[in-house]
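What follows is a set of structures to go through.
Shared chain: subunit A. Partners: subunit B in the first complex, subunit C in the second.
On to the complex of A and B.
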């Protein structure tokens, strides 16, 4: 049965990817890409990598799709016909694929008991000792937030970098007097809009449904954030879900209202705060006499220290990811507004 | 004091890293720049401390999170990584001394907070790649470096919209390179069950004759070669360097490709081991021709450029060819020459790009034709360019000469016709360098200024840092105990390690 599921999902994945390449309408391609991401998530589930599946579903299928749509709202959904088809990229892709297939021949069988990864000292330590020395049942979180906490700090920084990158590049058009433009955008236009219409007033059903949904989305984000020690979840997924709640709100009710609630400047503050919170935990452990990110010293009881450290760094991740997703969304949606049309 | 020294490896990274989010909140023209300069200076000071400590007492390991390797992530400062860290943070600090007026001229003031945050992140990423002893951690910091450099290059768009295409081209090519490196690291993990570099190196010989490892080596070498702009993967570099803001070009010319060179050396010598790299997979036969082609063809291409920044960018690809040749020789002398040239080229090329930046500041152009007569209008800047150009060619008393001296000795050590051929190729490439530098000098000095040409001498805030680099390069060309000494030490360490 499992083999059947795998083969079925793989075939769908190949078909989906080819379809993305084949279709010429970018809107359709985006939707197909989102479906491909869901298939990937399902594949990760069959590989027992639930945390990864969760991230793929939230990031790949969820927020990326929204950002693609935001871009399509700016550039339109019809693809400019390619001047000529070049063979070289195809050959390159085929040779990379060939190398990967070549590499699989001597590769240990997935899930076998005697693979180098299974036999490794690391795996043994993570599986057998981490519940004792870190004291949380989700080993993925132990590895991610403690043993390899510095990688996660780096990844949080990558998200931060991406957000400031988008803000830097997308704000380039308002070169002359950016301050004035901001005033114009946040002051005059919304005011004029407030009189007339808010978001999309004639779409009653999305209004009601989203009003009902958003509190649960936010609540679920908190659950994912704080339940990451015990089950799949953690800051990355929670941050994306939290941001999705706000983005849904702004898609239905209009960007300017969301910006009133969470101005760009506040989002920037959160963006920085999350990274600083993560790093701050590391600095605190240095001041308390340990190495950078050594949570053991944070409390008299090392296991309690690990709990506290992981809780705080995951919170840092969640805050930065939420803010980064919102910043990127603001970046794209703000440009659409500048052109006199809303993203919805 | 002991607190700061015992944490030095990680402090050199997290100080610029945690400075970035703070810097992003700053506004105005001076605050973000000054903050960045101070943090970069601190990272430089820590790097020097580390290099001194490492050369006296041997490699320093730092266990992040208190987890002993291979369970946690380890930072390792050894003679090579500490030396490269000094180069990166030193170039960064020097460029920042120059940055204030230059960047205010090219990027809107309201974006400077974010701009310098991205600059700090690029610095963090490159330093992190260098000092880490963990294969996956390399990839994480590579991502930080890559993302921030795409953004920094795109910031040239206010001067020339083509900066956006250049950044996008680099993004696509760079992402392919980074993905290859990730695939390589993943395959290494599949076969060894560990991500710690020393641990992988221990287990490498027992599994080296398997297909996943062969594929991993291929992916890693090609991935790094793309990021290194090794011929024929250099297409992104001339565009990126031409259209990026001037200080970004100067910063990356001295550091970005050098970090990839470091990675190449690290994987070839520490992870795979010289016996495997040169005995089993014939990297000499693969890399030598690429290096020679780069050194010759890119020097010729540089002769025909109309834009000064583009000319210097092609010259960089040619110089990376020398380094590739040096690494491919698979000898201690070759490795010494390669590591030495990382340092020497960094200081010379950054100095040159800074003088070009000063010319742009005064005249608003880097087109060679439009710079006619600048020799009279900007005597100090132009003379700096001439001296830097001499360093690039490799005239005695310049660091370029020292590099080539060691490189030619290393190739002649082979004692066969290939060795003589290589020496001739290096000399030939130097002659091409004379031509492309002379062509610029001729236009700068001996062509009359066009009617109504604007621009007088650049302000001192730009001139002084330029001259620090130019005079510094002469210092290291005459008193070579620092650069040659540490390069030799690093090469001995790498050859002895396995």
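On to the complex of A and C.
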């Protein structure tokens, strides 16, 4: 039965991706991509990767769709029809695909317990010793925050850098080209105009529903953040969910109200604070006489030290990811509002 | 027997759809969508390798004789997803700027505009 579900989901994935390739309306393509992401999240659940499924559903199907839609509002959603059939890319893709499929026959059977991945010493350490050594039930969290803490620090920094990059690129002053005004006046770009009214005052039902929902979304984000040691969850997922709560608020009630509540300056401070908190835990463990990010020395009892270290580090990740997603959203939405004529 | 490598085939098919989208479509947003498809297929490749038949999610439970799927690929992909959306956002921001500077997000149109300047 499980195999049947897997195969069904994977065939749907292929169908969805082909549809993404085929449709010429970019808005439709974005929604289909979101559906493909969600299917992938379901597939991850059946493949036992609950933490990954969680992240994929929140990020792939949620935040990245919002970002694509924000971009489409600025650049327009119609794709030019292809002038010619692209034969060379098709041949290239088919031949590379053929070679890769041929290579899959050298891969071990899926689900086998004697593959190099499963027999590695690392796997034994993570699965058998980590619950004793780190003392938390969710192995993914202990590998993420403790064994591979340095790597996660790097990834948090990448998120931080990307957010700064987006802010730098999108906060530059917009110089209008003369022909751009003509295009806009001739009404060829309805998308940009629609986006000028972020948070329409007329949508009663979204207003009421979101007012009820948003506190629970934020509460759920905290649950995911602090329960990540025991169940699926952690800083990355919690950060995205927290940001999604604020983005929902902004979409419904307007960007300017959200910016009053949480100004960009504060978001930028949080963005830096999260990374500093993560790095600070590393430095604190160095001062206490251990290696960088060696949580054992943070407390008299090594396991308690690990608990404390993971809690702080995950908090740093959560804060940075929330702030980064919000900063990116502010970047895109601010750009759209600067262009829309009737900003509410 | 037939389904032994089924996940990997799906990975390859998705990857090639993504690659073909990037190569054949001249719209820059569509290219980013193609890159996202490509990226998703890599996630599936890693997660498939961590799966053990009859295993369960790598969260310690008290049930006897539990087999856990490998947590390491999960960790790698979890962070890759979040980093992926951050880099996608950066790419989309660049596209917005290209639109403002060149008046188009179509690669061929941008190139022909450049020739005319």
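General remarks:
What we mean here is this: the second predicted complex is superposed on the first by the 303 of 344 C-alpha atoms of A that agree within 3 Å, B and C clash if a C-alpha of one lies under 4 Å from a C-alpha of the other, contacts with A are read in each partner's own complex, and residues count from 1 in each chain.
Operating definition for what follows: contacts are C-beta pairs under 8 Å (C-beta built on N, C-alpha and C of every residue); 3 or more make two chains touch, one makes a residue touch a chain.
Bear in mind the structure is a predicted one, so any value in this text is a computation, not a measurement.
With subunit A as the common reference, subunit B sits beside subunit C without any clash. Contact with subunit B, but none with subunit C, is seen for A:272 once the two complexes are overlaid on the shared chain. Applying the stated contact rule after C-alpha superposition, one finds that A:86 touches subunit C and leaves subunit B untouched. Legend: residue contacts after superposition of the two complexes on their common chain; A:264 is shown touching neither subunit B nor subunit C. Once the two complexes are overlaid on the shared chain, A:281 sits clear of subunit B and of subunit C alike.
Of the two partner chains, subunit B and subunit C are each touched by A:122. Of the two partners, subunit B and subunit C, it is C that touches more residues of subunit A. Legend: residue contacts after superposition of the two complexes on their common chain; A:221 is shown touching neither subunit B nor subunit C.
Legend: residue contacts after superposition of the two complexes on their common chain; A:296 is shown touching subunit B, with no touch to subunit C. In the superposition on chain A, contact is made by A:155 with both subunit B and subunit C. In the superposed model, A:69 makes contact with neither subunit B nor subunit C. Annotation: superposed on chain A, subunit B and subunit C show a minimal Cα-Cα gap of 6 Å.
Subunit A residues 100, 104-105, 107, 115, 117-118, 122-123, 148, 151, 155, 158, 162, 165, 169, 172, 175, 179 lie at the interface with subunit B in one structure and with subunit C in the other. Touching subunit A in their complex are the following residues of subunit B: 3, 7, 10, 14, 17-18, 20-22, 24-25, 62-67, 70-73, 108, 110-111, 114-115, 117-118, 121, 124, 128, 134, 136-137, 140-141, 143-144, 147-148, 150-151, 154-155, 157-158, 164, 183, 187, 189-194, 207, 210-212, 214-216, 218-219.
Per the touch definition, subunit A reaches subunit C in the complex via residues 3, 6-7, 10, 13-14, 17-18, 20-21, 26, 29-30, 33, 36-37, 40, 43-44, 47-52, 55-56, 59-60, 63-64, 67-68, 70-72, 74-76, 79-80, 82-83, 86, 89-90, 92-94, 96-97, 100-101, 104-105, 107, 109-113, 115, 117-118, 122-123, 126-127, 131, 137-140, 143-144, 148, 151-152, 155, 158-159, 162-163, 165-166, 169-170, 172, 174-175, 177, 179-180, 183, 230-232, 234, 236, 239-240, 321, 324-325, 328, 331-332, 335.
Of all the residues in subunit A, the ones that touch subunit B in their complex are 99-100, 102-108, 115-123, 125, 146-151, 154-155, 157-158, 160-162, 164-165, 167-169, 171-172, 175, 178-179, 268-269, 271-273, 275-276, 279-280, 282-283, 286, 290-297. Residues of subunit C touching subunit A in their complex: 3-10, 12-21, 23-27, 29-30, 32-34, 36-37, 40, 43-44, 47-61, 67-75, 77-79, 81-90, 92-97, 99-101, 103, 105-106, 108-109.
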